[in-house]
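What follows is chain A paired twice: with chain B in the first complex and chain C in the second.
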Partner chain A sequence: MGLKTVEIFLGPQHPGAPGNVAFKLTLDGERVVDAEVVPGYLHRGFEKLMEYRWWEVNVVMAPRFCVEDPDNFELAYVLAVENLYGIEVPEKAKYVRTIIAEMSRIQSHLFWLLFMGAAVGARYIPSWAMAAREEILKWYDYITGHRIYHHYLVPGGIRWNIPRDFRERTLKVLKFVNKIVDDIKKALYENKIFIARTRGIGILKPQDAIRLSATGPVLRGSGVRYDVRKVDPYEAYDEVEFNIPVGEYGDTYDRCLVRLKEIYESMNIIRQLLDKVEKLIDDKHYRYKIPLVAPPGEGIGRVESARGEYIVHITSTGGQTPYRIRLRTPSMPHLTTVIKHIVKNEEVTIADFPIIVKSLDPCAPDLDR
Partner chain B sequence: MTNNVLEELKASIPKELVEEIRLSKAKSNIVEIVIKPENLRKIALHLRNLGFNYFIGIETIDWWKKDNTFELIYMFSSIERNGQLVFVRFKIPRDNPVVDSIHDIFPLAYYQEIENYEFFGVVFRNHGGLRKWILEGNWDGPPPLRKDFDSRKWVLEKYYGGKRYERPI
Partner chain C sequence: MVLGAIILGLKYLFTRPYTRLVPEKERPFKTETTRGKHVLYMDKCTGCTMCQRVCPADAIQMVRVEGDWKRNKKKIFPRIDLHRCTFCAMCVEVCPTGALAMTDITGWELTTEDKEKTIYMPYELSEPEPPYRITVSKNEWLPPPPFYSKKKLIEKTSNK
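Coming up: the complex of A and B.
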């Protein structure tokens, strides 16, 4: 700590902070030389709380530490429980769950566009992204009965059957979202100011991304073609065709571009699956009931959430509640090792810092849990 | 694919460092390596050299009533091998939970180790930064995720005067 450096606290109320998390920044003039994350503002002890609740009741807990991408988190827990019980879900439930999870990815990326647009000062982007997300929330309300946390995926299938106009309704939402995302692409990604503020800053090289355990769009933005949906397919992902978009330079712009392309890929996946669901629309077989007491053993759920690889590891000693649940959430590496690496290896000014942090799309509650 | 990895790990890791290499009972595409705690660093280096250079996380399970131990599970993956997961697991005594730190081999382990320290009280040797992190400033009790800590009872005692719905427990 030299005489010239000064320590400041950024967050959790600061508009540049990514949600309920703070940073202790060490500044040398304008340059950020070190960033230490200060978590804990949203710690509720999910791993302990889930140990006291029944297997099916825990579905309500499972998504609640990430507002932005609840269904992928729910899906990982449900997959882990099914792995423990050793059940295969009905075909219809498999397709519907994949659609729900992909829709969750789209709404999460749209929510991220709100933060990113606000960080670069593009004031019109947040309202457009929210308008598109609102349509998805209404769609969720229609299908599941809830807007934010849906509890629709349950161990053994889906909670209730889908409505008969599922396909039309979904296609209508996708059409609306597609139009807005096209507009955002033109208005933000081709905007000179946006490119000037994101190109060439916050560079993360592929070998560093792997060494620092970056996951999800951050890893893919660095050019590593890695996606759990491809390498360890769960649900219906081995029956659909999709690309894994990757970046070229690993800078902030590439990470933003990967997320935009992923929105299009997700819509593509949903369109493919809608045809398969349509064939099964009269099928009444969508859910198995699971017994109250689980067999002893272990269960693993591994999904690609909107933020990266998410693993749920359940240990059961054969009771009505889990013995231990480990939730390995994707935001921890981005807020700790990755951001530290970036500020140490290039000249990041205090003005660029929020942009870089938001391009990593961290979800502070999933670090705290 | 997984079987090839299993055979390769069996062939390349020295026999004296491991107790057992097997496929996971839960999911057959995960390889589990059971080791003695003192060999952790050697195994971690071995795995990194074999391409398992993508560190995922550390899990602690408290086997309080069973055999008074903590079971630690280290999760590694490999991007060049199609995301193959490897779990390294071992047990340490619950009264003296000390294990070597691997944060100089895998940077994310630094923070995962802090998390396991504050929630379970597992001490990581040569870590250099063990402290309260997520719980900083709002917790002064025992490590909360241990099995002998009953959080429901603690809440009733602390906030409701030892009563449940205004009746004694």
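Coming up: the complex of A and C.
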């Protein structure tokens, strides 16, 4: 460390910052020697707000923790309530929910590609990724009635039946997305400028990743084969076959590659489930109505969201509303401990810092909630 | 390869733009199920206040409307603040008589320069501006009813 270090704020209004989050960086020349996250710009107090609404109505709140990956967050809440009530959902609802959640993962990774492309200066990637995401949003609008926050999954099933051309529409969307993702793979991942800027930067070793409670693509990028969908299968994940892509070196490029491979895996899962849904297309049995008053007790919902493991823990004292809701969101450890570990253990310059932060795919709303 | 990326990028230069010109050329994007502004069938409403109680955004209040309402002895009807509304359709779902439904009037069609005008009173809610279609209704979630003309709607909502 040199004689004099400088402290600067990066964000919340900085193109290098991931949304409404600021970093307090300690710089020694051009090198970042310490990074401290400054959260709180997007705090809306959702955990408290949810204590005043009915069990079913909280579905409206649940997706709002994360703009980019709403359905996995909705699903975790719904699973927690079902755990509390002790109900099983109809088979059709199970398949449709899994498709909705996987589509949300694809959409989230495409949204991340926008930021990653912008961070490395590949300005054509954002517009391609957004075109693919737009097609998914239109699909969501047709299936659920809304583009971003869908309020489609409810405790006990899905809110309304799927349209008859569900399969054709979904396959059409997947074909379009597949074409664009193939192009992005060629244009970005095989581009030597992108490789030079990401290979060997921001290395996170497997034992460190586990110790710092990293989850999701960050953990898998370090080479740890851990996925809640395999370890603790929920919904219809035990009925489909898919691989868990893992990285080799744990650097920024590996984390990016894991996310790209996950898009293909998600499309694979959806294609498998579409055949099962097609057989149940005439089935009117897609939802159970839950009673207004919940039994006293606890419930837990655990999903693999696009960013990592997401857990909802609810406590009920036997009323119309939850007594307490606690959320374990994936972005918090990534932005606090992981980023601090990376800048302390290698020479990160200020030009590389936004790329490393983007490769962790943090989400400001779920950090603050 | 850098050259490969440039060639791929050139290919995209000749594709049709993905963006749409709103509001000059087109209406907001909507599908057959898009949830938007509410319709209130005043002859069906019983003033039970369930929509007010369920609303997660606290956008619904009950107001008194004078008139000869057969089913609504208390003469109270919901007024909806579309500035707060999240269009979750919980009120439509919870309404025991099917007095509320949702249309596909959405996006910039709901914008206004006057903040006071975001609150829609019961009479305004019962006569939405055509053209629109009912997308979410009580008998829902099954096939939604066909288009309603304004004239037919006035006949349905008996504002005597």
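Note that the second predicted complex is superposed on the first by the 366 of 369 C-alpha atoms of A that agree within 3 Å, B and C clash if a C-alpha of one lies under 4 Å from a C-alpha of the other, contacts with A are read in each partner's own complex, and residues count from 1 in each chain.
Note that contacts are C-beta pairs under 8 Å (C-beta built on N, C-alpha and C of every residue); 3 or more make two chains touch, one makes a residue touch a chain.
Source: prediction; values computed, not measured.
> Clash or fit: chain B against chain C, after overlaying the two structures on chain A?
Fit.
> For A:337, is the partner it touches chain B (first), chain C (second), both, or none of the two (neither)?
Touch status of A:337: first partner only.
> Just chain B (first), just chain C (second), both, or neither: which does A:146 touch?
Once the two structures are laid over each other on A, A:146 reaches chain C alone.
> Check whether A:191 is in contact with chain B, with chain C, with both or with neither, and answer first, second, both or neither.
Only chain C is touched by A:191; chain B is not.
> When the two structures are overlaid on chain A, which partner does A:271 contact: first (chain B), second (chain C), both, or neither?
neither
> If you stack the two complexes on chain A, which partner ends up touching A:160: first (chain B), second (chain C), both, or neither?
A:160 sits against chain C, while chain B stays out of touch.
> Please work out whether A:205 is in contact with chain B alone, chain C alone, both, or neither, and reply first, second, both or neither.
Touch partners of A:205: none, neither chain B nor chain C.
> A:298 contacts which: chain B (first), chain C (second), both, neither?
First partner only.
> At the CA centre of chain A, how far apart in angle are the CA centres of chain B and chain C, to the nearest 10 degrees?
Apex at chain A; the opening toward chain B and chain C is 100 degrees.
> If we overlay the two complexes on their shared chain A, which of chain B and chain C does A:324 touch? Say first, second, both or neither.
In the superposition, A:324 touches chain B alone.
> Could you grab the smallest C-alpha gap between chain B and chain C in the overlay, to the nearest Å?
Chain B and chain C, overlaid via chain A, are at closest 9 Å apart by C-alpha.
> Which bits of chain C are touching chain A when the two form their complex?
Counting only chain C, the residues touching chain A are 1-2, 4-5, 8-9, 12, 18, 29-35, 54, 56-57, 86-90, 93, 135-136, 140-142.
> Please give the residue numbers of chain A that touch chain C in the complex, ascending.
On the chain A side, the touching residues are 53-54, 56-61, 122, 124, 127-128, 130-131, 134, 138, 141-146, 149, 151, 159-161, 163, 183, 186-188, 190-193.
> Please name which positions on chain A make contact with chain B in the complex.
Going by the criterion above, the answer is residues 38-40, 43, 45, 47-49, 52, 83-84, 210-213, 224, 226, 228, 231-232, 297-300, 302, 309, 311, 313, 315, 323-324, 326, 328, 332-333, 336-337, 341, 367-368.
> Within the complex, which stretch of chain B touches chain A?
Result: residues 24-27, 29-30, 53-57, 59, 61-62, 73, 75, 77, 79, 82-83, 85, 106-108, 110-112, 119, 133-138, 144-145, 151-152 of chain B touch chain A.
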